[in-house]
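Structures follow.
What follows is a pair of complexes built around chain A, which joins chain B in one and chain C in the other.
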Partner chain A sequence: MNRLMSSIQSLTTTRTPIEVSGIRKLFFSQEMVLFLCIIFLLVFVGLINPRFVSNRNLISLFLGNAYIAVAAIGMSMVIISGNIDISVGSLIGVLATVSGILAESGYPIIISWIAPLLLGILVNGVMGVLVAYLRIPSIVVSLGFMSILKGGLIIFTGGAWISNLPEGYALSQLKPFAIPMPIYFMVILTILAALWMKVSPFGRTIYAVGGNSEAARLSGIDPKSTVLRIFLIHGFFVGIASVLFSTQLSVIQSTVPSYLELTIITASVVGGVSILGGTGTVVGSTLAAVLIATISSSMIFINISPFWLRSAQGVLILATVLADLYRRRRQFRN
Partner chain B sequence: MMGVAKRMKISHEAVLFAILIGSILMLSIQSDRFLTVDNLLNQVRLIAEVGLVALPMTMIIITGGIDLSVGSIMGLCTIVLGYSWKILGFPLEMAIIFTLLIGSFAGALNSIFITRVKVPPLIMTLATLTFYRGLAEGISRSRSVRGYPEWFYFLGQGDYWGIPTQVFVLVLAILIFWFVLSKTSFGRSLYAIGHNETGAMFSGVPVNKIKVAIYTLSGLMSGVAAVVFVSRVSTTRSDMGSGLELDVIAAVILGGASIFGGIGTIKGTVLGFLLIQLLKNGLSLTGVKGDATIMVIGLVLIVTILITNLLEKYSSKDSSVS
Partner chain C sequence: MSFFIELRNISKTFPGVRALHNVSFDLQQGEVHALVGENGAGKSTLIKILSGVYSPDDAGGIIIDGEQHDLRNPHEAQLVGIATIYQELLLLPELTVAENIFLGHAPKTRWGIIDWASMHSKSREILQSIDAGDINVRTLVGTLSVGNRQRVEIAKALSQQARVLIMDEPTAALSESDVNRLFDMINLLKNKGVAIIFISHRLHEVFELAERVTVLRDGEFVATKKVVDTEQNELISMMVGRKLDTLYPSTERVSGPVVLELKDFKRPPFTNSINFKICAGEIVGLAGLVGSGRSELAQAIFGITPATGGVLEKNGEAITIPNPETAKHFKIAYVPEDRAQQGLIRRMTVRENSSLALIRDISPHGIIDREKEEQLTKEIIEQFNIRTTGNEQVVENLSGGNQQKVVLGKWLATKPEVLIMDEPTRGIDVGAKAEIHKLMDQLASEGIAILMISSELPEVLGMSDRILVMREGNIVAEFQSKVATQEIVAAAMMGVSQ
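Our next item is the complex of A and B:
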């Protein structure tokens, strides 16, 4: 995995040319490419089918996918540090169910919102200890946890749906100033996390540990505790994502959403790959999450048969990764 | 150094073997239907697909790569089989060959991007996991194909002298992969790539060609698994094989292969997937509900690696003392 990760990192290290003007740098950044892709799609599909850019569609597009962007923030940190977490989809399924059960059985609503956060931090803390201190590769730990969480959920709930949710539970359906709550969470958390990773000393150590763990250790950083803390933070974001997910509909299916971990990892990789050299990081993963959602939604609006949806998604993911590789190599040559 | 490495490998397989024996004993006490020849042979039927795909996956993981797209290739291949036979009107023999070709091609496509464009295997196969599954869904449009000729079911449901056909297929595949991995220069060069890819390249190992070979092989074996699977369940659906990649990777890692590359054996992988299937079967016989058994498998995976890591720590302490 280290090898895989280091190859991802060798891809992701921005070998920024020595003399580039700020504007050029901005224009060639991954974030800008993603942003332009989103704008292009909105304009292009909007011309074909104006209903695509209607307020209602755009809001439901963001609303339904904000939780993916929030989970991708933590995932990006985990990937930057040289690890991976493939259990995230299962954990979101479990935490959403826990939140729903607490709300259903009459606990105060605030508890059913906060418990998933604490539980998410706890579960990922255990994973972090296994990865950092007991030196089990993160892909193995998270593969194991995926099975444990998925199996545990089935034993515990038997697949029953939760529908007797109390009034006021639906955090995601609140709309301050006509904009749904998840969008605030997505935007504010992304900005805070991006600033924090860029400015705070701990934020910088995430890059240091992921770039070269040994060098980081020699310069006085404790890589083990850094990795553990990254997993704890990741757990926090997964917790928030779970609450956003569980409160967006008035029923919770108490199953693990299929392919969710892949969507989240894809958002991080597509948006996050080029983010090592100190530019805004999680901004990329959030934009990528939005782009992936826009792609899926736009295919419905230009009448592509839903049966071909997933293969088109696969091609677009690959195209984004290839475009990014090409762009970075050209930049490297200059 | 070699001594330590060798001792580590032995200790992992010993740990695994001990866990395997321990769980067989425990499960046979719990249920008297577990430790019967019929039941155990029948389990091979159920694990055949995972086993067939786990063999090339062992090779890929030894080189430090990974292939997440195997489940999707299997799904695509089941659809290609049904579609080319029923809709395109191929004779079934031709359809099977065509399916294996498509599987190999899907694996080769992964390898071309991995070797030529240098897309990391994790990302490349993540993209094709989505893409191949999407092709399966697009081609099939959620329709299933049934009603294959009687002889076709022999592969998945028949037996020779009471031994399921899959046992022969799987044992043959295991022997071939074991031979290639441990007795040929091709096999040795996989370890070389896993230990130090640049070093291997400079010592004249054709790294790219070998990678193309193993990812293509992985696609081919996913195609074989698809044919066996369709023959066993008598139908094709586009969601077949979803999640297969995780079972397969779990089996390989449980078998002691290092995800960092350079370490892994066919013997370990075989022990790995046998343990997974026996646990699944034994637990369901003792009354644990179907999907819940995966919880135990997750625990076993982590605990086994943990024990091996601890043993490794102590054995390396020993060697530093001596």
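Our next item is the complex of A and C:
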């Protein structure tokens, strides 16, 4: 937790649109609010049902949702650049199946882990070209891809499950210091991506293109290649997410949780990424993914029907947007 | 004498900011009352109070026809006959002229449906009454020129029986001939008894049009004067609270070798066969009406819309510029006309905007050198005297003049040899304007070649060493600024022989 805390402090909040003193700014940042919400939930539900905060439950909570946080990293970059990708859920399903089939057919495990990354980069590269160079709105491109991938997957697998997975395939079985591998992926990738967004010129370029593509272009930045590269990077993260997803259970279903893409987009938006582009951080989106997971797990522990989860997510989105609106209005007034 | 509208000791405080303090203002029937002041002086707040957008701190200070009114929302202001025409026109481009004029109060038949015939004829009538009968009431507003849209907006105000018309910088986006037409229209309205509050940064317009002028500074009332009793320099010093050295500095400069030369440079249909040179340390003014191809020429040089033919020589070598990135590489900088849309990333900080054009150069090993970035920003803020709370202020919150300085600073940080500036002082206040002029003069003295596009002839004449005039995509005249006058440049712009 300490590590998470310090990473929050160092990586976030430069883009809060209000100019207030450092501490207040940190306190009011989306990331801090999310962090406090998570802590509050853990304490609150933990008091009602202590098993909620047991190591085992916390690990399974993080483990089951690490892939959502990882996918939300790429998604956040896409949204910050002023685009969107609603095909991500279907792509995760396809890549997970590809990975499973490769592993099942006896290819080296490492290949079944790497192939989805390459395929993810390839598929999103095609989307990126369509969006950046042919100027087709990303929502349309990804809507098309969503249907193609979803339909293709069902035709290809006939809905069958993959269960003959070889020994050593499941990443979640690797547990350095008793913590499963996917959680390391989530934390390390978030920190690396956040650092990279903050200190690399390309990271700055993403914000610039999302903030005002024309002004970025006139400053000598090439928005087209920027957008294409963002999609390629997004593809890489989707690839990793799909491997984390496919290796968490001993079977791979040919379906992904329904509305997976919406959960990922929700994580980005609730994490403080402006749906209009130009602002947000990946630390926020990861925290939001964790918060959503915590909420859903809390419901089980305090006996609320899990069907309420979707409503809770909806409330979260609206609350985030309203808070953002309020902040902006206050800034406008000043 | 009975005042039509009077504001008594109006104050308006926003959290942490006192936008207006004890300001008094009055308006008589049939007068044009100009409101001047630097950006941030409180003009916008004052007109927003009059148009019901903001409520003043204390009620009771607004007196209309001898009665106290609280204008609690724009609708109440409309009811007493106050209409505001904002800088960004608020028309719906997908609706017709008539639909826009009668938006929200369309005449209805007794069946309760829109009476199109009467709406069209009434629209036509109103447009004719302001000498704009040439606008077809059935065309879509989106297809009209800026000048015509403004006329529609005025007609819309009149259709609501406006007795007071507030115009916020109506001339900022207009070409010379449209400005003249607007002035005729304003005089016409005045004679009909409509009172007009006129905000403009162009002081000569104030003298041409207004009876009285009120000066605001830092939210305080400075003075109300009859224009016949004052003069430009007095207004300026009242606005800035200090004496301006001069709006147009005139350092004697010696220009150096030719830096940029265009030979048969073209990008049809906007610019045909352009030939000219520009030397180091020279300011060349590019004059022309809107649509003459001047901005398009600048955009072709900078690679925004790359040229399709001809030769561009930089320091004697032929180069091709397919995009702004390449232009930057060849040490050409471009300060665009539209700061908000093209110059800045508004939600980014001063620091992030300042370093944007140089972001790769200050990132050795692929990591932004934060120290260098902070330093660069600090230097820009100091050199350009940018009034900001610091490197981390979001540029959106800066005034227009300070925003423009950030754009300029961003480009000068690239150490350009050629600086193209499209309308460098449009919409910014007179104090910042003088500062930017001074900077331009200084930059030219340091050897930068400046190509300046401007719609303001005094600026073109005051700043340039040489003036090029464009019309219909061609350069039609060239003057040394010493011998040029506004009249001959304007005549060349419009193609009238003297």
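Note that the second predicted complex is superposed on the first by the 286 of 334 C-alpha atoms of A that agree within 3 Å, B and C clash if a C-alpha of one lies under 4 Å from a C-alpha of the other, contacts with A are read in each partner's own complex, and residues count from 1 in each chain.
The rule is simple: a contact is a pair of C-beta atoms (placed from the backbone, for glycine too) under 8 Å apart; a residue touches a chain by one contact, two chains touch by 3 or more.
The model shown is predicted, which means the values in this text are computed figures rather than measured ones.
Engineer: Under the stated touch criterion, which partner chain does A:169 make contact with: chain B (first), chain C (second), both, or neither?
Structural biologist: neither
Engineer: Output check: A:199 vs chain B and chain C. Expected answer is one of first, second, both, neither. What do you get?
Structural biologist: After superposition on chain A, A:199 lies in contact with chain C alone.
Engineer: In the overlaid three-chain picture, which partner chain does A:215 touch, first (chain B) or second (chain C), both, or neither?
Structural biologist: second
Engineer: Looking at A:265, would you say it contacts chain B, chain C, both, or neither? Reply first, second, both or neither.
Structural biologist: Only chain B; A:265 stays clear of chain C.
Engineer: A:207 in the overlay: touching chain B, chain C, both, or neither? Say first, second, both or neither.
Structural biologist: After superposing on A, A:207 lies in contact with chain C but is clear of chain B.
Engineer: Looking at chain A, which partner touches more of its residues: chain C or chain B?
Structural biologist: B
Engineer: State the interface residues of chain B toward chain A in the complex, per the touch definition above.
Structural biologist: Per the touch definition, chain B meets chain A at residues 64-66, 113, 117-124, 126-135, 137-138, 140-142, 242, 246, 249-250, 253, 259-261, 289, 291-299, 301-302, 305-306, 309.
Engineer: Within the complex, which stretch of chain A touches chain C?
Structural biologist: Within the complex, chain A touches chain C at residues 14-15, 17, 19, 199-201, 204-205, 207-208, 211-212, 214-222, 278-279, 330-331, 333-334.
Engineer: In the complex formed with chain B, which residues of chain A make contact?
Structural biologist: Per the stated touch rule, the residues are 1-4, 7-8, 11, 84, 86, 130, 134-137, 139-141, 143-152, 154-155, 258-259, 262, 265-266, 269, 305, 307-315, 317-318, 321-322, 325.
Engineer: Any idea which chain C residues touch chain A in the complex?
Structural biologist: These residues of chain C touch chain A: 14-17, 302, 304, 323-325, 327-329, 334, 336, 341-349, 352, 356-357, 359-360, 363, 366-368, 370, 389, 392-394, 396-397, 410.
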